[in-house]
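This is the structure I want to talk about, given as C-alpha cells.
We call the chains A, B, C and D, going by the order they appear; numbering starts again at 1 in every chain.
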Amino acid sequence: MQTHQYDVVIVGAGGAGMRAALESSTRARTAVISKLYPTRSHTGAAQGGMCAALANVEDDNWEWHTFDTVKGGDYLVDQDAAEVMAKEAIDAVLDLEKMGLPFNRTPDGLIDQRRFGGHTRNHGEAAVRRSCYAADRTGHMILQTLYQQCVKQDVEFFNEFYVLDVLLTDDLSTGDVPDGQPVRVSGVVAYDLASGEIHVFRAKSVVFATGGAGKIYKTTSNAHTLTGDGMALALRRGIPLEDMEFFQFHPTGLAGLGILLSEAARGEGAILRNSEGERFMERYAPTIKDLAPRDIVARSMANEVREGRGAGPNKDYVLLDLTHLEPAHIDAKLPDITEFARTYLGIEPYTEPVPVYPTAHYAMGGIPTTIDAEVLRNNTDVIGGLFAAGEVACVSVHGSNRLGTNSLLDINVFGKRAGISAAAYAATADWVDLPQEPAAAVVGEIERMRDAAAGERVSDLRRALQESMDANAQVFRTAESLTAALTDIRTLQKRYRSVGVQDKGKQFNTDLLEALELGFLLDLAEVVVVGALAREESRGGHFREDFPDRDDAAFMKHTMAYRRPSAAEPGETEIRLDHKPVTVTRYQPMERKY
Amino acid sequence: MTATTEARSPIPAPRSPRNRRTTRTNYELYGWVFMRASGVLLLVLIFGHLFMNLIDGDGISAIDFGFVAGKWASPLWQVWDLLMLWLAMIHGTNGVRTIINDYAERTGTRVVLKSALYLAFTVTVVLGTLVIFTFDPCPPGSPADLLPSFCTA
Amino acid sequence: MPEAPAGTLYRGREGMWSWVAHRVTGFLIFFFLLVHVLDTALVRVSPEAYNAVIGTYKNPVMGLGELGLVAAIVFHAFNGIRVMLVDFWKNGPRYQRVMLWVVVGLFVVTMAGFAPRHLMNVFGGH
Amino acid sequence: MTTVLETTGHATPEPAAEVGAIPSFDVTLRIRRFLPDTPEAEAYWEEFTVTAHGTDRVLDAMHKVKWEVDGSLTFRRSCAHGICGSDAMRINGRNRLACKTLLKDLDIKKPITIEPIKGLPVIKDLVVDMEPFFASYREIMPFLITNGNEPTRERRQSAEQRERYDDTTKCILCAACTSSCPVFWTDGQYFGPAAIVNAHRFIFDSRDEGAAQRLEILNDREGVWRCRTVFNCTEACPRGIEVTKAIQEVKRAMITRAF
C-alpha cells in the first residue's frame, strides 16, 4: 500500500474533473485520479453543444435561459442554481474559446449557435439559437481542450486508478451523527489497475467528478465505464443522493443499440416520423414540435410505438428523417452521427430515415451540493472539504429533466466552481488524520472477490439488472413495474454476495473491477427504483402511468435518499427517503406546455 | 504528468528507453530536401546513362574499354558521370543511413554499420572521381584493338 | 527476445508495400553502385582487366541480373516521383494509391520496351 | 489451447432484432494473449468460438468471451462507439477499433486474429503501455499558445480559417496510427503520426502563435522527417483523418520556414 498526500484530490478526469483541476492546480497541490485516461472520459461522447445566451446570432439573454432551464426541469430546479449557471454560461463558453476550443463560426467569425430542445426566446415564444457547438463533436472538443490545458499546466494525473472509497472523519452510514456536527473528508482509497496495488490519497479537499450511471440500464448512450462509482461510494458512506428517480431517456438512440444521435439533428431540421410517415410531434407539442424537451419527445415516441404506429418489422421504433436536408449541410453540421448510422446500422441518412428509440442517457440526480459544489450530508450541513460537480452531482440545475446542452454547461460552470472552492478550502483548513487502516474495507472486498470460488457470474447479474431496469423503470413506470424491479434488484443484491471473479491475477484485472462496478450499479438501481416508487406523480423524466399528473402540492420537493442500517433485518441496509424543499426565486410553477 | 508505474512486462519493450535528444538543427530537413532534389536529377542522369550504355547501339554486349574511353573523351560525359557518381552516392548513402537508423537498434551496431557505410562512401567516391579525372583513354602499351579508335598509338 | 510465437505481419496496403519496395530497391541499387564504381575503376588498371570483368557481365546470368537492376532503378525512380508528388502536390496524399498504379503501369511499359532489347543483346549478341 | 463455447446467446431477444431480422452466426476469435502474472509469462494464441449477431462488433464478441468464457481476457474499452479511443487493436493484421469493426464486414469463415497494437510494451493481453505515446503527444505542446492579450469576447476566426485545421481536431488519441507505422515499430523514438496530427491542429489554427516552436520540436531527428509516407497511419485512423496529408503539410511548413 502506498500513501500520497495532496491538498486537493479530484476524482474523475472528464469535463467536470479537468475543469476543476485547471482552477485548483494553480492554487493548491492537486492530483487528478481517473479510472480512464482523461481523454477517454465520456464527456468526449457529447455531441450537440453547450448553451449560453451569447446572442451571437439572435436576441437572447441569460434570464430566458434560466427560465427555460427551470421550465424544462418541470419546476424541480433550484432556481438560484439555475440562475448562476445561466449567468456564468457566457464566460464558460468564452473561457473555452480562449483555451482554443474550435467552435463553429458565424460568417462574422463569432461563435456560431444553433437551436436545441427546450431553449426558447422570451419565455417560450419560439425556439432560439443558443447552443454553441463544434460540428457534432462538441464534447470531444471540450474534453480535448481541457486536457490540452491540463498538459499546459502540468496537472498531475493518476490514470487508470479506480477510487473505491472515500474517507470521512465520521461514519455517516449508521445515521447516528447528529445534524450540525462538523464532518470532514480525509482522503480517498484507490486501486491501481496496472499493478493491482492500493493507494491511499490523503487530502484536505476531495472533488468527486465521476460522471453518470447509465449502465444501470441496458439500452443506453453511456459508456461501459459509466457505472456511477462516485454516487455509490458516497451512498455507502452515508451521504444522501438527491432526485435519483429522475433519469433522462434521450429520444434518439440508434434503435437497438442505444448509441446516441444528438438532438442537434433535430436542431438542424431533422423530423421524427411514425410508420405512417406522420410528423407526430405536431400532436404532442404544437409550438416547438420536434424540439420539445427530451422527456416529452421520448414519451411521445414510446406512445407512438405502443399505439401501433412504430416502424420496422416489429413496429418498435420510430424514424428520424434527415432526407430533406442537404447532404453538404449534414456533412458540415452532423458528420459523426450520420457516420454512426452508416457504421452500426448500415443506413445512409442522406436517403433513408434512421431507426431511433429512447435510450437511457443522463442522471439528473446525484450527490447533493450547494452552488459552490460543497457536498451536503443532509438538507443543510456540508461535509468539510468534500465537493462534487458534473453528472455525479445534483446542484440541482436540471430538476426532473435536463435540457439538451445544459450538461456540458453544468460541468464547466460547476466544475470551475468546485475547483475554486476545493482550493480555497484547502488553503485554510488544517490536516485531519486518516482513519486507522484506511484501506481495510477496500482490501477486504477485493480479497473476498478474488478468493471466492467460482460463484455467481458478474455478467449474468448485470444483464438481469439491466433488463429489469429497461423493462420496469424506463420511460413509463407504474407501481407494479417498479415493485417488480425492486424485487429483482433485492434478489440480485443477495446473489451479488457470492459473486466470484475468474481472473485471479494482480495486474490489470478488469474482471475484478467489473465485479466491483456491478456492486455500484445494484446499489444505485435500488435508489432509483425506491425513489420512483415513492414519487406518486409524473414530472419531467419520471412518468408514472398510475399518476399521470404533476402533483405540486405533495411532490414539489427533492427526494433525498439515505442508505441506512435496516430496522427490520439486522445487518442489512435499506434506503430511507427524506425531502428537501425546492428553491424558487422568480418563476412560479406553471403547467408545462410547448 | 502521469504516475509512472515501473516496468511490469517481462516481454522486453519493443522500444528502447526514450533517449531523445533534441537536435535543433536543420540537418534532417536538408537531407530530406536533398533526397528529392537529387532524385529528380538522378532520374535524368541515370536514365540517360542507361540509355547510352544499354539501349543505344548494341547494348551491353558493346560495352568494353573502348566504349568507356570513347565516352570519357568528351567533357560532357565526364561531367555527367561525375555528377551521377556524387549525387547517387550521397543519395544512396543518406538513404542507407536512414535504413540503418531504422533497423539497427543498439547504438553500438549503429555506430559500426554507419562507420562502414561512410568508409564505403569515401572510398567509392574518391576512387570514382580519381578514375574519371586521371583516366587515360590511350594507356601506352596496350593492344590497339582494345582502345578507342582515336588513339593513334 | 521471447516473442513466442511471433505475431502476424502487419497487413499494410499499397502505401506500405510500395515503401518496402522503394527501400529494397534503393538498397540494392546502392550496393550495385559500389560494385559498379569498383569495376569501372579497372579502366585505370588496364584495358584487359576492365574488359575481362565487363566480359563477365555479358554472360546470360549477369544479363538477367542487369535486367533486375534496371527494373529496380526504374521502379525506384518512378516511385520516387510519386513520393515527391505526395510530398509537394496538395492532393498527392489523396491520390497516392492511384499514383502507385500509374507507377506500376509506367514500370511495365518501360520494362516491356527495355527487356526484349536487352535480352536480345545479351543472348543474341554474339 | 482452444476453448469452444457452445451457443449460449443472450437470454432475451437482442433488441437489434428490431432493425430487421438479424441472423446469428458463429465466429472464432484467435487472440494473442499474454498474462503477466503467470510465472513464466509468454505470449500465446488462443481461440474462442462464440455466437454473434448481424450488428455485433468485434468488441461485442470479445465481451462475450470475457463475460461468458474467460474472465481473464483483458482489453480496454469504454464508449463502445468509436469516440473514446480505448480499444485500438490489430484485427486481422490491421489496426482498428474493436468497437467500430463490425463482424459482418470481416471474413468470418476464418478465425479473426486479434493482437495488441505494435511498438508499445504489452502489459496484459491486448493492453499496452500508452505512456510513451502520450509522452510524445505532450512534447509537441498540444495547447493554444497566444501572446497574452486576452480579448474580452471570443477571438474571431472565419469559417474558412476554422475549416483549415478541422480534420486534425477529430483525433481521439487512440494510437492506431502511431502503432501502425513501420518507422515507429523500429525503435519507438519517432514522435509518430498522432503527435504530428495534434501539432498540425495548432500550427494551422489562425488563433495560435506557437507554430514556430512546434515546428522546431518536430524538426527533430525523430520528428516529421522520419515519416516515409507509408500511409498505414491514414488507413488505420478510425476518425478518417488524412494523417499523411497533415504530416506533409507540416513538412512543407517547415521547408517554407527554412528557405
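One rule holds in what follows: a contact is a pair of C-beta atoms (placed from the backbone, for glycine too) under 8 Å apart; a residue touches a chain by one contact, two chains touch by 3 or more.
Since we're looking at a predicted model, the values are computed, not measured.
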Graph separation of subunit A and subunit C (steps between touching chains): 2
Closest chain to the centre of mass proxy, which here is the mean CA position: D
Centre-of-Cα separation between subunit C and subunit B, whole angstrom: 14
Cα-centroid distance, subunit A relative to subunit B, in whole angstrom: 64
Chain centre separation (subunit B, subunit D; CA means) in Å: 39
Chain centre separation (subunit C, subunit D; CA means) in Å: 35
For subunit A, residues that touch 2 or more chains besides their own: 194, 507
For subunit C, residues contacting two or more additional chains: 2-3, 23, 83, 87
In subunit B, residues with contacts to at least two other chains: 2, 8, 10-11
For the subunit C and subunit D complex, residues of the former touching the latter: 2-5, 7-16, 19, 23, 83, 86-88, 92-94, 96
Sites on subunit B touched by subunit D in the complex: 2, 4, 7-11, 13-16, 18-24, 26-29, 31-33, 98, 102-103, 105
Partner subunit B, residues of subunit D touching it in the complex: 34, 36, 41, 43, 118-123, 129, 131-132, 134-135, 182-183, 185-189, 216-217, 219-223, 225-226, 228, 251, 254-255, 258
Subunit D partner contacts - residues on subunit A that touch it in the complex: 36-37, 39-42, 44-45, 94, 97-100, 102-111, 134-135, 137, 140-141, 144, 148-149, 151-152, 194, 218-219, 223-225, 255-257, 259, 312-314, 316-317, 336, 340, 343-345, 355, 357, 457-459, 463, 467, 501-511
Contacting residues of subunit D [partner subunit C, same complex]: 32, 42-45, 90, 92-94, 113, 115, 118, 180, 182, 228-232, 234-235, 242, 244-245, 248, 251-252
